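To start, I am sharing the structure in question, which I have written as structure tokens.
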């Protein structure tokens, strides 16, 4: 880790330290567990979005894809709306639905040559539409033991969902470091045209990255359903911007080519600690959003100050 | 009175052929059980009079609501009846003014600025709402009772800038004043959202731990989110109350995991607004004949707890509720 | 190209509901689109510089609150004061962006939440009624009986800003900054100044859009414009402006805003059910961009 | 399809068929005929030089050979077979690989990955990276050219020259990819290298000749004649002939390139007469920054001061610091008696300083913008009256400079990225001259990629500017250029200015003298 990667972890430690000093409730073990549990869904979404950001693209499809997969999984496992009881298979199908939608935005990007900002915004709307269709006015409640258990049952003090999030980070890191897909995603962010000059066809890799991201969102939708015990069309509301913010706070560049899963994980923790800490120290709900925004900006500013260079491009 | 078409809005008032009437129901979105049920209620009424309802949703987006309304009013408005759920208090005035100008019949529900008087308008027929202060207090009292009159509670507020959220919380504060032993440990907003309520509750549970004996939520969605959080934390000793009587909340009350909620009857709301407009448009009811206290009124609501929950599990629409001479039967009195 | 997208969409809506293509309808659509056009036009400048402004909608909401609060004291001057205030806030964001070297995405995302919080607090979390409508009355008039004044003002914004850009070095500085910031800087272009200026104009436009919203809603509210963010950015992209910077124009955003408005209001009005409406909306905006983007100017599509 | 029709099935390819043959290749771009019926033969085991002025069509031709440019007409034959090259991978499968004129490495990948990019072979199995194998593969390539770069270093942490070595190592992967003798194309590989590295490269080229064919492009004609067996000359998109390298002189080659007798006088030995000014125009005292310390430097009006040094000597950063594009920690800079504000490029421009960066593509020009806009980007005043742009005024001015520097462009509205490299460089130079108020020019490799003619034009131009009193700091392309052009040479090593060598027209030091000082 070079100096320029050190900013976000330092910010995390500092923010954590400040809250710990201010609030006795914050520094308890159970609250640390709570923070980790609360970070689970955002972590998984951010895992997906990180690869897209690494390519220099952007992805706003999380709300739609999560909504679709949340309703889908609720309707596929044992529930109050129909007689399905596919259990784990249902979960897999919901994740595949997410992957499929992600794949669509990737395909629209490479075949229609429409910027990812638009394709993913479009796919998000499509996902919400599909979710609303499946929702059909009656909330599907999950009665499946396994799915509901993921949020409730604990291992070493952490909910199973949190371990799933850990696993996603690990998988994401391995993909980023040891797979051609991950390295090419990184390279596409660095210099896409050069890959083409080296005889690499980038289009399939782009589609694959969006598909993988979609799968992560699909899983995140499943996780939200497990937490809420019901399939919600709005399961993913707001996750697009918070995931991007977390990734960027962690040091991933929006123009691509820098950062990675571990950066993003730090970013997610930073954001989650903030949310939790502000409630713990009792900041008025009116001010919370504002204080959070201010601290995020300050954290990023503090992180970039040591690496500022004269002719550095900031977009 | 048979001559429809040529005259201005005034001439057309109360002179619409039932077949020419356009019925429009507008709510935030269909992906929310309460509002979906509302639109279904509108459909039921429309069927009853042999029409169809145009279902509009604006996804909780104020500007989009205004845009849809003004586009709607730019079309044929002579026999247009709108039953609208304004997104927030501030969204009501432009809708009202637009309808007034275009001569469309309008009923609004839930949100209206206090100083906007229905009686100042001819085409804004009525405003219906539930007494939020009352509901907030009712469930507050139920909560206090459930925890034995004393102990710590937390509150989950709705979207902070809505009248509903404010009224309900004000009602809760009244209840707190009446139950001095009940201590409000913390209040946070979860924006009427189940997912946010889950996170906020988890955090507050770690912050206050065993001190929390009850959770007051400004709607059932948040109450259900809080229930999930309690389940995940392995807490079964916390009383939870909400408002709206959505099906899941009723189930939870039946099962005993939730303490109380307050009914607001979505299907009825979806039908009644159209019914009032329909009756005026066809001339069966004249605007001048609607009593002032029926121009802005609180609809009847019930506190639902384990004792009476069975009566509310499957709300029935009674056709007679929408008869032109029975429109205001559920009134609990004029809005103060 | 964006104009073709607009015409095709209008034709399609007319086919779906022949009653849609009436003068009344078009007038209403134009009136509706005005705040979106203004917001998108301002943010287009930031996008042309290679950045993004996510704070426009929240700033616009805050400005509606400012307007409602200040109107009793300032009267006719309120309009000017609000626009000046939002311009200053925009400039402050620009300065934070260039001085602290924080990506515009983060600065303005932070701005978004800060402005929302301020708006909530100063409005006491509720709408503030505007009783004195004289100050905004002019915006609700119609020019020649058909063209809404708000839309005329929006057009004026686009025309004036475009003209200023074209007739001064600003345009080449902005484009150079968007295409290649480091080359622009090494050529001595005032990159930082240009960026701050873009944010300032974007802020001012948010203020102007706020006045249009107030004239329409007779109140200011801390969340009034919040949902206009994505439509505004969508309008910019649908117009064919490259989100990566450099290539594009305010005219394109104008057309894009009209397309987005027609989609937002047109689909439900012609009777598309809400679930399908979402799906269609998604498909159509992607298709619209496929039609409008000039790929010879933007080699790499991110 | 056509592949099989060219010869009866079963017949063996004659061993004498040339490695590569081009017949009547044509390529039009809007407004220019880049290739106008080019014929070219590349024999087996030879090094073919390709010479031509800037914009003659060399790069376009070569890009057609690797499938990057689709010709409008004409044929390409590889080892006696007519082929259609649709992509760079196609070309690689036919054993044709290329090092591009503009660097093309992925900056955020390791050198090893860049070297094997697109043909990872055993370095990636089932989509999974095997880092050790990858490093070994890359190391093999690097060893071939005797480079000591760490294969796992990130490419953007390498110096420009090292990156060029990575490019060369990368193209040599072609050897592993095909069983046929490969054809390796080097488009101006030496323009950024130093003499030692150039020597290494030439050793490689000669080694390659043993089993492959090489096409070599350079604007240094002596170099071309040195390493090539044969030189083909392009002019205006046509082949105008070829000469055996053994008995040709640079002058002869140059004549073919421009189609008439031209002067091959590079450096115009005699400096213009300068007014004697006691006070230097630029005074630098104790300037320190990230990569340099305590640099003192004086430059008089009308003087050209060359700075030489090996890689990492920090001379480039000194230049950038003087332009306000690189932070300084200490020191003082005075221009014409006024203390310079080094906080940004704007201040430097306003003070009359101009800077020509080495990395033209990313720092020198704004690719999609027009020639006119690029040229007037800095000195907006030259196209405005007050704050208002006057398109006519701009057009007149730009056209004058296009003519004056003979910039080859269809018109002033053409996007600069469509110009040939040399012509782009002229536009970048012209940027500082349009207003006529420049007092100090900082030139970082200003002739990189320029043909002989353009180069001497630039030299003449620089001399002329010096005559008008412009002070210049020059980081030259080669020691010869530094010696030829400079009035005085400062040697830098390790971030310090160590020695100063006078280089008056009548007493130029030899390259050897300088090299002694540099190490």
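As written, the chain order gives the labels A, B, C and D, with residue 1 at the start of each chain.
We take it that contacts are C-beta pairs under 8 Å (C-beta built on N, C-alpha and C of every residue); 3 or more make two chains touch, one makes a residue touch a chain.
As the structure is a computational prediction, the values presented were derived from the model and not from experiment.
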item	value
Far-end chain from subunit D, centres as C-alpha averages	B
Chains linked by the largest number of contacting C-beta pairs	A-C
Between subunit A and subunit D, centroid-to-centroid distance (C-alpha), Å	44
Whole-Å gap between the CA centroids of subunit B and subunit D	72
Where subunit B and subunit C are represented by their mean Cα positions, the distance between them in whole Å	33
Multi-partner residues of subunit C (at least 2 other chains)	120, 125, 182, 185-186, 274-275
Multi-partner residues of subunit B (each touching 2 or more other chains)	29-30, 160
Multi-chain contact sites of subunit A, meaning residues that touch two or more partners	128, 132, 193, 286, 311
Chain-to-chain touches, reported pairwise for every pair that qualifies	A-B, A-C, A-D, B-C, C-D
Contact footprint of subunit D on subunit C as seen in their complex	166-169, 172-173, 175-176, 179-180, 182-190, 192, 246-247, 297
In the complex, subunit A residues that touch subunit B	23, 25, 28, 30-31, 34, 37-38, 67, 128, 131-132, 135, 137-139, 141, 151-152, 159, 224, 227-230, 232-235, 237, 275-276, 279-280, 282, 285-286
Subunit A residues touching subunit C - in the complex, by the definition given at the top	55-58, 60, 64, 108-109, 112-119, 121-126, 128-130, 132-133, 192-193, 241, 244-245, 248-249, 253-254, 256, 286-294, 296-297, 300-301, 304-305, 308, 311-315
Residue ranges of subunit B in contact with subunit A within the complex	29-33, 36-37, 40, 157, 160, 186-189, 193-195, 198-200, 202-209, 224-225, 228, 231-232, 234, 246-248, 251
Subunit D partner contacts - residues on subunit A that touch it in the complex	177-181, 183, 186-187, 189-191, 193-201, 257-258, 309-311
